[in-house]
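Shared chain: chain A. Partners: chain B in the first complex, chain C in the second.
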Partner chain A sequence: MASREEIWNVIHKHLVDTVENLDGQEIDTSKSIMDLGANSLDIVEIVSCSIRELKIKVPRNELNNLKNIDELIDLLHKVSNASG
Partner chain B sequence: MAPSIAQPHLYPVGPFSGGPFHQACLEHDPRSWIDLPGADRLPVRLQSAHPARKRDFIAGRLCARRALMNLGRETREPLPMREDGLPRWPAGTLGSLTHTRGFASALVAPAGTVRCLGLDSENWIPQKRISRIAPWVITDNERNNARRYSDKWFPRMFTVMYSAKESVIKCMYPLDGIRSGLLDWEIGLEDFGSGRFTFKSTRNSNSEIHPATEGWGGFVIDDQRVMTFVHV
Partner chain C sequence: MNRIVLEISEEGIATVRMQDRAGNNAFSPAFIEEFLQTLKRLDDESIKVCVFCGLDDVFCSGGDEEVLLGLAQGTAKSYDLKMVKNILEIPVPTIAAMEGHATGGGLVLGLCCDMVIMAEESSYGCPFMNLGFTPGMGTTGLLRYAMGEYFAAEMMFGGQYFRGSRFRERTLVNYIEPKARVMERARTLALRIAVKPRPALIMLKQNLSLPRAKAVDEACTAEAIMHEACFRDPETVNRIKENFLKHD
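This part shows the complex of A and B:
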């Protein structure tokens, strides 16, 4: 079971690894990942690497309609708590 | 499609132009800004977006403007953005936009000629990246089918399949409002040289919610990327 902050730290690491020029920037989690400069393939990589690192299983249809990073954190937190 | 160039270059006719379809493409240096009349009126949500996102938005809008002009629809303002981030096409038209690093394109058609369409482009995905994301993109069935080709070809097969799925998802979404996932569709590439692919839903319930559960689309490739197109 991971806290919301731990989940954000994992997502943040993969976000800055994947999207250019984000490292060191303050990131507004109410924004969509795309507005932070990621393309659709980057998003697949950021989400899949985060889920793999957190060792959780997320129903795939729940990932399709996420609007921003806050919603992604909330979903992974909910799944992590349910499986913890 | 020519290699990337320092100055943006707009191609007023794209490879999928023909019949009711009008396509425009733009190649640009992804490190440089692109001027677009009206770009100072970016949607509010994009004003603080990453420069790459703003650049993609502008590149896509330039293509949309040109493709609509080819259709006989002059637009002065950049195409507005819907709440869900998709472009709001002028009444009587429908279309699809795509952008990838250094490239953008728009495809439009008069409303009534097709129910929906989807366009996507992807730069070739390197094997290292594919290893990290493959289980999230292709089904076991697709992976087995791709094994008929040599390892050397796998990254290209994978990129075409990924782009084809993105085109299908974009095509279906405006009609049903349901954003399906990459594993909800299986892509068939029986003959890579044909420039055609087939798509089929992997979910039984899709017949109730999507306008089509199977069909085919087209793709074109060059040294840098693939571009795919689907319409229903």
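This part shows the complex of A and C:
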């Protein structure tokens, strides 16, 4: 089980690792990952790395409908709490 | 039809464009068939160099669900291998202009070419192992030519996608350009080749592609044995199905 902040920290780390020029910048979580300059395969990379690090399983179809980073954090938080 | 388009310019530059937007430039049985038919037309005597390109966002995304499940369940032959061999056997020099993403078999398809241009903004990777099976289409023999032995190993074991810009210091391909400049670079490269005499181009091409063709041949034999073992595990089929759910 991880807190919402811990979940964001994990996503943030992989986001910065994957998308260039984000390091040290304030990230607006009401934006989508694509708004930050990620391409579709960057998103696969960021989400799958985060899920792996958090040791959770998220159904793929639930990931398809997310509109922004906040919704991704909420979903991973919900799954993490349910499995923890 | 028209998933693959061939154009031949008056300078002798053949351009093979993969443009199956609906199928995301993946290897469906129909895509493979059209691709192989197009390659047959490349023995035209007016052709001196051949450029392969895709859609602006996807160069080629490798095997689609039907093809991969067919392989895993033993109902389809790995006829995608034929694409690799036939590209290597194109008589004239080949250039891969990879503006968009190239993954799995799609990356291999590009790396079969004699010269390779990647885009800074696009992503490249070998996700075979994410699906639970060892790489195919000659990847284990070919990837090291482009990426070097150790980085190729990281890509194959890890299955991660790398931005083109990340390859700059790590790869051995010709150019990594901003996406908007990939086609222009390919054309400059092709024009330089197109003024050379065709018989000399053909001889040099055969000579230079031989080590890669041999490496692919040997790799395919080993890969087939590994695939047989991987596909015996029913979990592999589940992993493939789960992976393609996201595209529904």
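As a convention for this text, the second predicted complex is superposed on the first by the 84 of 84 C-alpha atoms of A that agree within 3 Å, B and C clash if a C-alpha of one lies under 4 Å from a C-alpha of the other, contacts with A are read in each partner's own complex, and residues count from 1 in each chain.
Please note the rule applied: a contact is a pair of C-beta atoms (placed from the backbone, for glycine too) under 8 Å apart; a residue touches a chain by one contact, two chains touch by 3 or more.
Quick caveat, the model's predicted, so the values are computed rather than measured.
Touch counts on chain A: comparing chain C and chain B, the chain ahead is B. Looking at the shared chain after the overlay, A:Val44 reaches both chain B and chain C.
When the two structures are aligned on the shared chain, A:Glu20 is found in touch with chain B and with chain C. In the superposition on chain A, A:Asp35 makes contact with chain B only, while chain C stays out of contact range. Contacts of A:Ser3 after superposition on the shared chain: neither chain B nor chain C is touched. Contact with neither chain B nor chain C is seen for A:Ser83 once the two complexes are overlaid on the shared chain. Residue contacts after overlaying the shared chain place A:Asn64 against chain B and chain C alike.
Chain A residues in contact with chain B (one complex) as well as with chain C (other complex) are 20, 39-41, 44-45, 48, 60-61, 63-64.
Touching chain A in their complex are the following residues of chain C: 57, 101, 103, 121-123, 125, 130, 160-161, 163, 165, 242, 245-246, 248.
For chain B in complex with chain A, the residues that touch the partner chain are 45-46, 48-53, 56, 85, 99-101, 122, 125, 129, 132-133, 135-137, 162, 166, 179-183. By the touch criterion stated above, chain A contacts chain C in their complex at residues 18, 20, 39-42, 44-45, 48, 60-61, 63-64.
Residues 19-22, 28, 31-32, 34-37, 39-41, 44-45, 47-49, 60-61, 63-65 of chain A are the ones that touch chain B when the two sit in their complex.
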